[in-house]
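Taking it in order: structure first as structure tokens, then the write-up.
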Amino acid sequence: MCRWLAYSGTPILLDTILYKPEHSLIDQSLHSRLGVETTNGDGFGIGWYGDGMKTPGVFRDIGPAWSNRNLRELADHIRSPLFFAHIRATTGTAVQQTNCHPFRHGRWMWMHNGAIAEFHRTRRDLALAVDPQLFLDMEGSTDSEMMFYLALTFGLEDDPPGAVARMAGFVERVGHEHGVEYPLQMTVAVTEGRRMWAFRYSSQKQSRSLFYSTRVQALRQLHPDLGFLQEVSDETRLIVSEPLGDLPGAWNEVPESTYGVVEDGDDEMHTFTPQAA
Amino acid sequence: MCRWLAYSGTPILLDTILYKPEHSLIDQSLHSRLGVETTNGDGFGIGWYGDGMKTPGVFRDIGPAWSNRNLRELADHIRSPLFFAHIRATTGTAVQQTNCHPFRHGRWMWMHNGAIAEFHRTRRDLALAVDPQLFLDMEGSTDSEMMFYLALTFGLEDDPPGAVARMAGFVERVGHEHGVEYPLQMTVAVTEGRRMWAFRYSSQKQSRSLFYSTRVQALRQLHPDLGFLQEVSDETRLIVSEPLGDLPGAWNEVPESTYGVVEDGDDEMHTFTPQAA
Amino acid sequence: MCRWLAYSGTPILLDTILYKPEHSLIDQSLHSRLGVETTNGDGFGIGWYGDGMKTPGVFRDIGPAWSNRNLRELADHIRSPLFFAHIRATTGTAVQQTNCHPFRHGRWMWMHNGAIAEFHRTRRDLALAVDPQLFLDMEGSTDSEMMFYLALTFGLEDDPPGAVARMAGFVERVGHEHGVEYPLQMTVAVTEGRRMWAFRYSSQKQSRSLFYSTRVQALRQLHPDLGFLQEVSDETRLIVSEPLGDLPGAWNEVPESTYGVVEDGDDEMHTFTPQAA
Amino acid sequence: MCRWLAYSGTPILLDTILYKPEHSLIDQSLHSRLGVETTNGDGFGIGWYGDGMKTPGVFRDIGPAWSNRNLRELADHIRSPLFFAHIRATTGTAVQQTNCHPFRHGRWMWMHNGAIAEFHRTRRDLALAVDPQLFLDMEGSTDSEMMFYLALTFGLEDDPPGAVARMAGFVERVGHEHGVEYPLQMTVAVTEGRRMWAFRYSSQKQSRSLFYSTRVQALRQLHPDLGFLQEVSDETRLIVSEPLGDLPGAWNEVPESTYGVVEDGDDEMHTFTPQAA
């Protein structure tokens, strides 16, 4: 399995979120507390948006995040108002750059924690459902990239929640056809650079952990002494596989079978239900 | 494109063939004379058989062969009576271990120089033709691996020349359906550890170069002073993308649209014609 | 810190020791029980001797051992009567091939778990003491390689225990000169391909764990049902950072400040005391 | 040997200089025209300054630049008013990140093409001359890094031309003491983020090629149709190992034994003479 985080808000140095927190994603790469595996050392990636960028920049590498000097460099020198970061623990597919998250298609980025159960049995049928034009762009061998391209096939760019629901419904249907009882396990983040959507779902209704940060205004009242909170805007928000620290009141679990939208104005949370594709 | 060599004969240190010759494969990685590109630095691989080994050992890595210290180590310390070596120059697909040759399936190994023209257009249709059970084992994204799995689907383990002919016929048919005039360009080597088959073919009948070594008995008469020739058996044979040196009389071009079989007793050479799958 | 193992005895497939045991070195790379860190994912290496080999073969790579497919291949296809294996957890120096163990000099190999305390302060003085001819061969930046070259300088090839004692004495003297209270922490294995020496020592007398396997004859009586014990010779011996499993009676701790010699005939164990260089 | 470029001027996307030109540095990694080797595939690096950055960001990796996707990503998404880029062809030292250029110390960056002749013979004596405090920061094993740290020892941060002259004088003196006739071959670029210094010198007075771009004002008159020239400021300047294209009048050779300073106002060119350290 894996761990990830998604940031949206005041432009900050990636280091502030990636390395500085007590239980940062880099710390989680060695000592995950809530993950299936404590070690997430099979590759990593970041994707970030910035001024005038038509597409997000994506930096992915094999090997552990904790010892990667280039990641350290980029985190120290790149600022962004919206970025993804992901550390990987493979469930069997090869450790290679094309299997690292986030995946990108045009302006869109996608990352995933979880698995399609018994993917080797359903992989071919799932691949056949991907739009032939999109099929050409698939480069890796993971279930996560397959989910992204199925969601793109099912309309991700027009209706993200609907497309992800249809992807989940399709994965479950194909899984059931192959006798897989619980075909899907996922927390997913997706963005086009302005809004972010985060999904928590599993066929068994025992989904991997997912948390979102408390609104900055409320946190400032709880922790008036924390300088960081004065520097970021009210709209700043983090979504994470596991909390980056133990700050009381800072983290809220995303409920089972739920998705959230991070956008200008109030964020929203909705029930997530797979749909027929 | 790429360069490769296949060795069969008296067990020798890989170094003898990989590094020692004047224009060795390692030299070809920097200075190919007959290849489409002079540099072949996008990954490499070796595969070798040995005493009591049920499957060949395969060592593949990204990056250039010329600077790889582990390849140097293995060449210095592994002896084998039958081995493949390959250096890669990508035609676009990712530089990753799962795209490096030789590919292995059970006791079988496969390596390729050339390309399926406009592979991105035909890749999906070709993938659909791979036996669903075999499909699960495909890990990379190259045309070369696809050709291997198509050949396996079409009976490689029972009838290598026939299966490769059916693979070539199928690739050409699908290519033509997509409007590709010359769909296939290939020199291919395949083995199960005892016999080797080498194919030279292209739809345009302008195939990449391929050479086989002169019989050792004849070479000894030509070059009685070469100690190396005294040490290897009469059955020792090399097949190479380009000659490893300028020894007069040592290298013979495999004719266009031809395949050869290296086995106990006299080797054979036959016309190669793609067949309907 | 790190974990390592040294094998001497009946030639076996590396896989038998590296992957098969319940708590193998590969398992220790993710879940070390007795190490300072549970994860040892900053590179690894193996070194092996074989028939007719003038020097040991050494295969080292960055990245974790647990996901390295080439290590898996070599373990499945190489047999050896004497080999070293090492997994690394860096104490700060770069993750690069030249910092991976085992280190080799001619026929000799060296690997280390532990550290020279505050190495950055003493590194220059230690480097100055290395024989100028040997200095040229140092390629990495670790304390471990420095210890090897100091031991070589102090006569390792003629008197291994004496040279290691002089190295330890010198490291402690230089450390004390720089105000370091406990300069040295080490378990070290060294070999020339026939005999092996293993050292357990630390300035503070709280050395990293080290174990040796019980004599095969005794183990056979304890576990008459274990087929593996019937297949290996009486002289077969393992020295390991931590036991490879929970087999009762199989593992014995090397006492503090001790070194052992594995050779033909009875092995020996002696007190280890640093000496003036 | 190697190839490099240094850019100073209007902030631009790295891609504009690194990939876009007909004979870009990426093209030179495969097809260098003026270098000692046509292939420069043994690692690469970029270093860039930007708004509010206290130190330059440095991204270095092993393997060829031409196939590195992360370099492609950074070039497409990072803008900078002053950056270095370097492609490496090793003269023997290991292919590892700590041997890739540019090297950084605080705000300073350094890159080099050339070699200290017979470095293995003089390396130890040169290392002894490095300031003990600086010695701790050396991580690699190249002559290039050694030159940087010697220059730092000899006052680079206060007087770059003087420090480089003393470094060159010292390298030549030590070389001569070891019987090396022509100890030094170098083109070097160094910067603190505001000014750049570029040096062309060799003991034999047959230095590697080095070119600087014609002043933008003059180029605009020569090529009024080139849109790119309208977009960059008068102060924009490139220094390169070999020209990035065949634009008439665009490139001028730096004379033998010369160094130049790129800074606000008119640039300067001076004779370079090694000095006693």
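Lettered A, B, C and D in written order, each chain numbered from 1.
What we mean here is this: a contact is a pair of C-beta atoms (placed from the backbone, for glycine too) under 8 Å apart; a residue touches a chain by one contact, two chains touch by 3 or more.
For each chain, UniProt lists the protein as follows: A, B, C, D = Glutamine amidotransferase.
Note that the structure is a prediction, hence the values are computed from the model and not measured.
Asker: How would the subunit C (Glutamine amidotransferase)/subunit D (Glutamine amidotransferase) interface be labelled, same or different, where same requires over half of its residue numbers to be shared?
Answerer: Over half shared, hence same.
Asker: Given the two chain pairs B-D and A-D, which is bridged by the higher number of C-beta pairs in contact?
Answerer: Most C-beta pairs in contact, of the two: A-D.
Asker: Note the rotational component of the Cα superposition from subunit B (Glutamine amidotransferase) to subunit C (Glutamine amidotransferase), reported as an angle of 0 to 180 degrees in steps of 5.
Answerer: Superposing the C-alpha atoms of subunit B (Glutamine amidotransferase) on subunit C (Glutamine amidotransferase) needs a rotation of 180 degrees.
Asker: How big is the gap, in whole Å, between where the Cα atoms of subunit A (Glutamine amidotransferase) centre and where those of subunit D (Glutamine amidotransferase) centre?
Answerer: Roughly 39 Å separates the two chain centres.
Asker: So which stretches of subunit D (Glutamine amidotransferase) touch two or more other chains?
Answerer: Correct list: 69, 94, 97.
Asker: With touch defined as at the start, can you tell me which subunit C (Glutamine amidotransferase) residues reach subunit B (Glutamine amidotransferase) in the complex?
Answerer: Residues 48, 50, 53, 55-61, 69-70, 73-74, 76-78, 97 of subunit C (Glutamine amidotransferase) touch subunit B (Glutamine amidotransferase) in their complex.
Asker: So in the complex, the part of subunit C (Glutamine amidotransferase) that touches subunit A (Glutamine amidotransferase) is made up of which residues?
Answerer: Where subunit C (Glutamine amidotransferase) meets subunit A (Glutamine amidotransferase), its residues are 30, 38-39, 41-42, 62-64, 67, 69, 90, 94-95.
Asker: Tell me, which parts of subunit B (Glutamine amidotransferase) touch subunit A (Glutamine amidotransferase) in their complex?
Answerer: Within the complex, subunit B (Glutamine amidotransferase) contacts subunit A (Glutamine amidotransferase) at residues 93-94, 96-98, 120-121, 123-124, 127-128, 132, 135-136, 139-141.
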